[in-house]
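Encoded as structure tokens, the structure appears first; notes follow it.
Letters are used for the chains, namely A, B and C, taken in the order the chains are written, and counting of residues starts over at 1 for each.
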Amino acid sequence: MSRRHPFTLLALVAALTALAWILPAPAGGLGTAAAALALAAAAGPRRVLVPALVTAAPFWLFLLLLHDVPSTIAIGLRLTTMIASVVWVGALLPPGRLVEAMVAAGWGVTAAYLFAAALSAVPLLKARAQRIVDAQRCRGLSPRGGLGRRLRALRALALPLVLSVLHEVDERALALETRGFVPGARRTPLAPPRDGTGERAARWLLLVACGAALAWRIAWRG
Amino acid sequence: MARLTLERVSFWYPATERPALRDASLAVAPGEVVALVGNVGAGASTLLLVAADLAPRVVGGMIKGTVDFRGRGNGEGGRGIVLPTPWTQLSGMAFTVRDEVAFGPANLGWPRERIAGAVDRALDALGIGALAARDPATLSGGELQRVVIAGIVAMEPALVLLDEPTAELDPEGAGLVWRLVRALAGDGCSVVVATSDLNALPEVAHRIVWMEDGAVRRIGDPALLAENALCEAGLATTVADVWRTARLGAPYPLTVAQAEERWRQ
Amino acid sequence: MAAVSAELRFGQVSFSYGTVPALRDVSFALAPGERAALLGRNGAGKSTLLRLVTGLLHPAAGKVSVGDWDTRGRAPESLARRVGSVFQHADQQLFARSLRDDVAFGPRALGLAAAEVARRVDGALAALELSAHAAEHPYDLPPAFRKLAALAGAFALEPAVLVLDEPTAGLDRPLRARVARALSERAAAGVVVLVATHDLAFAAEVLERGLVLDRGRLAWDAPLAALLTSSERLTPLGLAPPVGAALSAALDLPGRPVRERDVAHTLARVAAARGRV
């Protein structure tokens, strides 16, 4: 799956999410959630499926507190579809590949970079936070223990994290500028992802399926 | 004809009253290696940012005087700067060292074959061919430093600006960078380098610029690194410094080879 | 200056990142007051070894101990009572709005009383001549001063063992001399000083013992001077003699001094004896 064109992967996520909301509950949601979880499981039970389930779990809890059981199941399945498919695509699609695909498709360099930056910000922040926590622990701050201690550790982390990221953003801007990454640059795609006729057809098919489902749903309801 | 000319340039960072650069003038010829030496806060890094057209355009602040660059914008035939913090200079968009080095050339819109050739040459020049397939996020500081320098060199700039390029490197890596600087100059590229690796300079630099407190104090050939004034400022080569401390007569030798020659006379 | 004195000991320590071995069967011990240089190429395992001392990593095999503490059962925050460290990227080790608060971070985290915190902070700032900058924001200081600030933060822990990764990178000669002076004072007070560095001239000035890693193995553990005067030994390890040592070898100075001041003194003496300059 990871060899598929980035647009195909994104189309699949969009289609699953759309279908989850369009198709009647609970069977529709059950189908899409099963499909999304199957994709996640295929990509890696530990690396993708478990994080997806862990992310979805609290939503089920909130729904159960707010709604009756049938609505909880209906909405929960839809949310699970969304969460599992987004986690799946995040694990499968490196931002660099997406940027290459966008540049090859004629997008501007800056728009593509903003997109990639948003996608890659989370792991970067995580790595930076980890280094700060490491350094703080080496100076005696314990992040473990009771709630009060954890809160104190969190507060100690927030300021240096924000400051160092801001500082780094400044320097990165200089570096990107000097490496020719400026608005209007006509970038050569280095390894543009292959986009076969089959994949393009599959994306159209997904779109048509969503349209058909919507039409059927409106007609069936009406 | 000079490739880069600074005429009486002063520069203030945003929200500061004291200029970080004061009335600095300098001309750099094609194929010339100019070394900026000075203690912390002397203004060498600021001069490089101004020469790179990043200050004040990207950094902000205020400039007086004129900066004249005979070349094209960034990269090919233009300018390239290597900042002293390699970990902030990765593109964040490459998952292999090869793609990271290719990032700049790709932004220039070169055909793919030309990019491949330039990347291979740059990897080779920095001795990092073996790292080509590695993820840049897993590299050590020294390896990263070499990748960042390769990323600039691959763009074939006409003016290379280096800020402490050997700070993260082991002696082997530092030797490689200094050989690369000489090779770039041999190909007609101009290099301006701010460094505290003073002992490397007699073999590398054509001219030395001594900076102090934002101003250019003196400009001269490498023999400047053996003068009393620079010894006192902590900016002479080790050999010159030792010679002076031993109270052996001036002019002091700059390098071990010169000292040896003098000693055998 | 150190709350306790303790020996740093590595006993047959190995460590791997996944399947990539980083350290293999490394053993050595540093007594209180010993000053050692940790040398080797980029990627030889120096940073890994330092992280094992801080407790951020634990050995896969063998034992790292600081005095009577085995690091295995201890988190970094517990080892911080005995180990002070500065990593390569000092920017990520500054946590407060003023230099003073930043240096106080460690002593406060250890739960010391306010008066004791103040005493330690004053001492650490004074040791590195940073007192005049105490009220400034760390990010308003030039990178070289941020490096000193991180070092002051480690000093304020008053550790028995100091481990430093490239403390002189980006420092000019006057600032290097400051660091050298401060480290010598710590060692004189019984602190174990272990410094990973490429700056062999700095190592020659301050440190006495040389530990050289080569692809994860301890390839050399002996007096630094013996290593620095032998380019046959240095070259295969990816090192080159510092200029002072090279000069003393080239001029065949008696006793082959390596410290710059010693080289100068010997040079003066020999020149006087030869009766010419």
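Keep in mind that, in the parts below, contacts are C-beta pairs under 8 Å (C-beta built on N, C-alpha and C of every residue); 3 or more make two chains touch, one makes a residue touch a chain.
If you're wondering where the values come from, they're calculated on a predicted model, not measured in any experiment.
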Item to check | Path length in steps (a step moves to a chain that is touched) from subunit A to subunit B | outcome: 1
Next on the checklist: So using the touch definition from the top, which pair is joined by more C-beta contacts, B-C or A-C?
Outcome noted: B-C
Checklist entry - Once you find the CA centre of subunit A and the CA centre of subunit B, what distance in Å lies between them? => result 41
Next on the checklist: Suppose each chain is reduced to the average of its Cα coordinates; what separation in Å results between subunit B and subunit C?
Outcome noted: 27
Checklist entry - For subunit A and subunit C, what's the span in angstrom between their mean Cα positions? => result 43
Next on the checklist: Where in subunit B do residues touch two or more of the other chains?
Outcome noted: 85
Checklist outcome for this item: Note: subunit C residues in touch with at least two other chains are 89, 91
Next on the checklist: Touching at least two other chains at once: which residues of subunit A meet that condition?
Outcome noted: none
Next on the checklist: Applying the document's contact rule, which stretches of subunit B touch subunit C when the two form their complex?
Outcome noted: 38-41, 84-85, 87, 140-143, 164, 167-175, 196, 199, 234-235, 237-239, 241-243, 245-249, 256-257, 259-260, 263
Next on the checklist: Touching residues of subunit A toward subunit B in the complex: what are they?
Outcome noted: 94-96, 99, 109, 113, 116-117, 120, 124, 127, 168, 170-182, 185-191
Item to check | Parts of subunit C lying in touch with subunit B, wherever the complex brings them together | outcome: 40-43, 47, 88-89, 91, 142-145, 166, 169-175, 198, 200-201, 238-240, 242-244, 246-247, 250-251, 260-261, 263-265, 267-268, 271, 277
Checklist outcome for this item: In their shared complex, subunit C is touched by residues of subunit A numbered 128, 131-132, 134-144, 156, 159-160, 163-164, 167
Next on the checklist: Considering only the defined contacts, which subunit B positions touch subunit A in the complex?
Outcome noted: 49, 52, 54, 58-59, 73-75, 79-81, 83, 85, 88-95, 99, 102-112, 115, 137, 148, 151-152, 155
